[in-house]
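One chain, subunit A, appears in both complexes that follow, with subunit B as partner in the first and subunit C in the second.
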Partner chain A sequence: AEVDETLKRIQAHKGVIATMIINAEGIPIRTTLDNSTTVQYAGLLCQLTTKARSTVRDIDPQNDLTFLRIRSKKHEVMVAPDKEYLLVVIQNPCE
Partner chain B sequence: AAMLADGSAPGAAVPSLWRSGRSLRCEAKSCQTGKISTAEAAVQSQTSQDASVQTDQSIDAAQAFQQEVQVDYASLLLFLQRVEDVVIKELNKNWTSRAFDGFEVNWTDQNEAVLCLHTLSYPEAQDQHLQVTSISWNATGSVLACSYGRLSDGDWSTEKSYVCTWNLDRRGLDPKHPDLVVDVPSSVLCLAFHPSQPSLIAGGLFSGEVVVWDTSRREDPLIWRTGLTDDTHTDPVYQVSWLPDAKHRNHFQLLSASTDGKVLVWREERDGRLALAEGFALVAQQIPRSAQLKKLTWGEAAVGVTSLSFSHFDPRVFIVGVEGGYSLKCSMAAETPALHRTGSSVSLRAPAELAFSPHGGPVYSVSCSPFHRQVLNLFLSCGTDGQVHLNSMLQTQPLLSLQLSKKYLFCVRWSPVRPLVFAAASGEGNQKCFCFTGDVHLFDFAKSSQKPAVSIKQAAAECPVYCLEFNIKQTQLLAAGDATGTVRVWQLSSDFTEQGPREMTHLEQLASETTD
Partner chain C sequence: SLQVFDDEGKDVTPHPLFHSDPDAAVPRQAKLLASSDCSGATGSGFLSFPMHQTGGDEQKKSRLLTSHNLSDVQVRPEEIKEQLTEEDLDRRVDIYLTETETIWMLDMPSVVASVESEDAGRILERNKIYVDICKNRPGNDRFAEKMMQTINGAAKNKEVQCDKIVMEDKGVVVTSWDLYDSFNVSEIEPASKGEATNGKSSTSHTTKKHDETASVTSARGNITSVTTLESAALARTHKKEKNRLEAILTSEKFQQDLFFMERVLMENIFQPKLAAYRQFPVLIDPSVTSDNAGTVVAVKEAKQEEHDKGKKDKEEQKEALIDPSIMSDLNKPVEETVPPSLEQLWSYTCDLTKGLNVSSMAWNKVNPDLLAVGYGAFDFKEQKKGLACCWSLKNPMWPERIFQCEHGVTALDFSMASPNLLAVGMYNGTITIYNVRSCTTTAILNSRDSSESHTGPVWQLKWLQQDGNTAEDDKRERLISVSADGRLTKWLVQKELDCTDLMKIKRAGSEKKNLPREKERKSLVLISRQAAGMCFDFHPKDTNFYLVGTEEGLIHKCSCSYDQQFLETYKGHKGPVYKVAWNPFSTDMFLSCSADWSIKLWHQNSQTPILTFSSTTTVVHDIMWSPKSVFIFAAVNESRVEIWDLSVSILDPVITHSGNPEAKFTSVLFAKNTDCLLVGDSRGEVSVFELQNLAASSSTKV
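After this line comes the complex of A and B, so read on.
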C-alpha cells in the first residue's frame, strides 16, 4: 500500500543499499535485506538507539533524540527513531 | 576252567520319575536361614545433565521475523510520513557532502613496515638439506605447520621427511625446536590443515599416498591413510584440500591431486583407512579446446595436475593448473566418464570444462579469489615462465599478464582481506647456472598494476621460496617457506591488511577495462 510506496521511494534514492522498519519490540516489519542480517541489525540498532536516546536525555532532560547516523568505512547507517517504530536506511556515500 | 564262563547279565532298568516328579507339589514349611534385613544404601544410576548436543548448528533464529506480527498500518503510515522528509533530506545531504573526504580513523596501531616476526627451522631437516615444500596455518590461526621434502628430485626418492608444527601464540616459542615433529617415510609435498578442527592436518606424499595426522596425539599422530592400493595415485601428490561435504555440513572430505592426472576424493572409513569416494581423471584428449587457443599437440598422456583451487562461490567448480602450462576450469558435477587406462574401484569422470590460455611453462600454483562476486570469478595462476596471469573464469584469455621477473614463480596467493592484493613467491630453477635471491613480491593493484608494491627478500642467502600462505585469522601474517629449510613469518604493514573504501568496485573496474 502506501507504506510500500514510501519505502520504495526511499530505497530508490542514490546510494541506498538497504531499508528496514523495526517495531518497538525489535521485530523487523519490512526489510530489503535477508533475514539473518536484518535480525542482526534490528537487535543491535535497537539497543544503540535506546542508549543514544538516554545519553541525550541524561545530559539535558528537555532534549530528545531525533536522528542517529553511524558512519563507517564502508557505508553510513541512518536511524530515524520513534515511539513505536525505527526506520533504518543504509547508504553508500558518494566517495 | 569252569570259573570262566560266558554269561549275560540282565540290565538294570530304572523307571523314569520325571512325569511323576512334575506332579509332586512342594510346600515351604520352614526356612533354615534367618530373615535378612535389607535397606537402600546407594543407587548406581546417576543423575544426568545435558552437556552438549550433537545436532548441527541451526541456521539462525530468524523465527521472530516469520511470526505474524500485528502491524497497525495506520500508525505505521503516519510514522513514515513523519520521517520520510527528514530521511530524504539526510540522504541527499550525504550524497553531496564532502565532509568526510580523506578522513580516516586508525583503530589499531599502524605497522609501517613489513617485519619478519619469526624465523623457524628444524635443524635435523636442514642438516639433511631438505627443503620446505609446503606450509599451512591451522583453523585458529595460531599453529603453523611445514613439511620438509625435496621438490627438485626427478627420481623416485625413498628418503624420510618431516612435518613440523609450531604454535606461534605460545610463550617460550623456540624457533629451532618445533612443538611437534612427525617422521614420515616418504617426502611430503603438500599440507592442508582441516578448516574447522584445529588439530587435523592432511598431507600428500611423494609415493602417491594421502595421510591425515592428528597433532594432538603425541605418540602416534597418524590417523588415516590411503595406503598403496589400486586407487591411490601413482605419482607424487602435489595438492591436498579439504572439501565441505554436500550432505553433512560439518563433515569434510579430502581431495588430492597429482601429476598422474587424477583428482581423487577420499572419505574416512574404519580402521584408519581412507577409501575412494569419487574421482576425476584428466586425459589430454578430453580437454576442451577453445577456438582462441593456438593449436597445441595433445598427446594421449594423462595431464599432470600440479595445483588446484576451489572457487569460493560455487563449491563444485575448481581450477587446476597442469604441467602442460595451462589452467583448466573443472566441475565436480561432470558426468562423462574419463578415458583413463588403469582400473580403479570407483569410475573416474572427466571434469574439464574450459581450458585457459597457457603459460610458457608448467603452472605451479593457482588461487581463486575469495572476494569477487559470481559475475567475475577471478583467479591467478603462475608458473615457470615467471608470469602471473589474472584470469576470469568466463573467458580464456587472461585479463592481465604480469611478468614478475626471469625467475620461476612457485606460489601465488590472494590476500584474504584486501581484494586487490596478492602475493607471489619466486626463486630460481635448478637449470639456471647463476643464482638469484629468492623474493616474495606483494602486489597491490590499487597502487600500480604493473609493479610489485613490496618485494620482501626472504633470506640473505640465495634460495628460492617455494610456498607461502596468508593467515586467515590474523590477517597481517604471511608465512613463506624456502629451499634452505627455513620458514619465515612476516608481519605485513597496515597498507596490506586494511581494506580501503571501494576496493571491490576498483577491481571490477580493472577487470572490465581489460576485457574490452
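After this line comes the complex of A and C, so read on.
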C-alpha cells in the first residue's frame, strides 16, 4: 500500500540510519535497528516526547506538539509523535 | 414499695434478701445516706466520707461503703468536653436550672405514734433501749465486724483486630494543559472513530495551518483516503495487537506523519541546495561545534522549516535577519568579475521517470513551488506510455502526484482560475484534465468524449483568461490547444470539454514560390489542407492576438475575432517552428526557435526577422524569455543549454552549459520567484540550475 511504499522510500533515503515505529506503551512495532538499541531509543524518546509535549501545552493548552527534531553532532533524530505511536527516523544529514 | 406483677397479675415482687433491723440499722444507715447525699458524687467524696463518720476499722468500712454505695448509686458519666469555638465564647448561652428528679434510694418513713396511743409506752421503751445500745456499742463484744464482698464477674479479655489499613501516598502535578483537557473532555468524547479522528481534532490547528498556507486550491493536498494494509508485516499471535498495529499503520495521521517525515528528510539532504534556490546565503553545516554557528544553523533550519511549512512571503524579510558573519564560500566578494555560470542544484528524477523524455514543464500559477512535468517522446517511433508528474520543491526525489497516461504527454499547463486543474495534452490528440488536489489519478475530463477532439498530437496547451470579448458574457478561462491536425482550438471546461475552433491553419497557398524547400514540402504532404501547428503564444497585452508557429516554418499572426485569414505571416524559418514567445516586456518583439538550428527575433511589424541566432548545429527545442529581464532568454538545443543576453552580445550566448552527452535537453523553464532555470532532458531528469553572476539587468525597457 501507499504506506508501505512511503516507508520503504524513507528507509532507502540517503543518510537514513534507522526507522522505527513505537507504540504508545513504548514497545517498538517496526524497526530497522537491533532490538536492544531500539528498546533503548523507545524508552528515552517516549519520555522526551512527553516532556516536550507537556512543555508546549503548558504554555498554551490549545497548542500541541507536532514534530520533534534533535540535532546532535553525529546525526539528527526526528520524531513524529501521536497519541497512539511514535514515528522515529534517524538520519545522518551530512553525507 | 415497688411491686412487680407478671402477666397473670400475680404478685411476684422479689423479696428483699436483706432484712434490716429497723431499730438498729435505721439511724446508722440514715446518717450514712444523708451524708452520702450531701457529699459530692466523685470517688473522692466516697473516700473522704467515712473518715468523719465512723470510727473503728475505717479501711474496711470504707471499702464496704464504697462497694455498697457504688452498686446503688449510678456513676455519673464522664462529661464530654465540648469544643468551643471563638464564636461560642461570645455567644449568649441560656442556662436553665432545673431540679432533677429526686431518686429515692431507700425510703423508710419514720413512724410517728401519738403519746396517748396504746403503743406509745412500748415505743418509748424501745427507743430507750436503742439509745442504751448505742451508748454501749463501742467496745462491746456483741458487735462484730463482718466483711462482705460482692461477686465480681470474671474478667475476660477480648481482642479485635481489623485489617491493616493500607496507606498510599499519591501526588499529582497538575499542569495547565491537564486542566484544559479535563475541562474539554466532553467535547472530545463523541469522536467515536478512534484515534484517527481524535488525532485529527487535536491537530486540527496544525492541519488547518497547512491548508491555509498551501493556498486556497492547494496542489499539495492532504491525504484523505485511508488505505488498507495488505498484510501485517510482523507475525503477532494476539489478534488484538495485530489490529492495533494495523489501526496505527492505516490511520490517516500516520500517513501524514510519514509524508512530513519524508519532507523533513529531504530538507535535511537538500538543505544547501534549497537555500541556494531560495537565495538565502548558504550556511555550512558546522562539524566544528562553535555554539554560535550551531545556533545560527538551528535558527536557519528552523526558518527553513517554518518557511517550508508555508510562510512564503516572508523569505525576503528573513534573509535580512540571518547573521551575516557566517556565510559560505559560494558568495565570494564580488570584486572580481566572475563570469556568469549555471550551477546545478539538484534534479527532479525518480525511478519512474528514468528513460522518459521530458516534453513539457509548467509551474503552478498559485503555488510557485509546484511543478508539473510531462513525459512523452517527440518521435512517432518512440511512443511509449506517458506520464505527468507534479513535483514539489520539498521533495525532489519523489513526485507528489503521478498520473499515468496511455499516450506520451506532449503538453501541459496549470489553470489560473482554478489552480488545482492540470490540463494534459497527449500524442494521440486527447486532452485530459486532472485535479491535482485529490490523490486519485483519474482524470476529471477527457476530450476523447468530445466529438471534436484533435486527431494529431497536441503540441501546446495554454489556459487563457480572455478579456475584452463582449460577445461572450463570461470572462471564464479557456483552454487553448494547438495540434498537428492544424487546428487551434478553444475548449470550454464545464461538465464536459466543449470546444470551438479558433483557427484552422491553412497551408500557405501558391504565394510562397520563392523557397524551393517549401514546395517540396507541399508536394509531399497534400493529405490535409491544413498545416500542422506546433506552438502558439498569445500577446501579453492583448489576448485577441496570437502567434502560431507551424510545421512548415511559417509563423502566423492571427486574431480571435477573425478566423478566416491570418493577419500576418512571418517567413524565415526553414524548419518546423517549435516555439514562439512574445517578449513579456517589449511586446512588439517575439522570438521563435525551430528545427533549422536557429532562433530568430522578430518585430511584429516586419516580415523578416530582425536577428538570427545560430550558435549550434542541433535542433533547438525550446526557448523562453526571462521573466525578469527584457534582454535575457534561455534556449535549449539537444546538446546545450544557452542563456543569451542581448544587451551583452547578439552573437554568442552568455552562458552555455553542456550536459551529459547521452542526454538531450528538451525543455526549459524559468523559475518565477528566483534566479533559477529548469531544464528537462531525454533521460527523464529535470535539472534545476542556479543562474549565477548574471549581470542581470532587471530593466524592462529596451
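Couple of notes before you dig in:
To be clear about the criterion, the second predicted complex is superposed on the first by the 90 of 95 C-alpha atoms of A that agree within 3 Å, B and C clash if a C-alpha of one lies under 4 Å from a C-alpha of the other, contacts with A are read in each partner's own complex, and residues count from 1 in each chain.
Everything below uses one rule, namely that a residue touches a chain if its C-beta (ideal position, glycine included) is under 8 Å from a C-beta of that chain, and two chains touch if they have at least 3 such contacts.
The shown structure was predicted, so the numbers you read here are calculated from the model rather than taken from an experiment.
Considered on the superposed subunit A, subunit B and subunit C are sterically incompatible, since they clash. In the superposition on chain A, A:78 makes contact with both subunit B and subunit C. Within the superposed three-chain model, A:57 lies in touch with subunit C and out of touch with subunit B [touch as defined at top]. By the touch criterion defined above, A:1 lies against subunit B and subunit C together after alignment on the C-alpha atoms of chain A.
In the superposition on chain A, A:39 contacts subunit B only, with no contact to subunit C. Looking at the shared chain after the overlay, A:91 reaches both subunit B and subunit C.
One listed stretch of subunit C collides with subunit B once both complexes sit on chain A; from 3-11, 93-101 or 255-263, that stretch is 255-263. Across the two superposed structures, the residue set of subunit A contacted by subunit B and also by subunit C is 1-3, 6-7, 9-10, 13-16, 21, 23, 29, 66-67, 69, 71, 73, 76, 78, 80, 82, 84-85, 87, 89, 91, 93-94. Note for the complex: subunit B touches subunit A at residues 59-62, 64-65, 67, 69, 71, 73, 75-77, 79-84, 86-88, 90-92, 94-97, 100-101, 104, 499, 501-502.
Residue ranges on subunit C touching subunit A, taken from their complex, read 175-177, 179-181, 195, 198-199, 202-203, 205-206, 223, 227-230, 233-234, 244-245, 247-251, 253-255, 257-262, 264-266, 268-269, 271, 285, 287, 289, 298, 301, 397-398. Interface residues of subunit A, counted against subunit B in their complex, comprise 1-3, 6-7, 9-10, 13-16, 21, 23, 26-29, 31, 35-36, 38-39, 66-67, 69, 71, 73-74, 76, 78, 80, 82, 84-85, 87, 89, 91, 93-95.
Interface residues of subunit A facing subunit C in the complex, by the touch rule stated above, are 1-4, 6-7, 9-10, 13-16, 21, 23, 29-30, 54, 57-58, 61-64, 66-67, 69, 71, 73, 76, 78, 80, 82-85, 87, 89, 91, 93-94.
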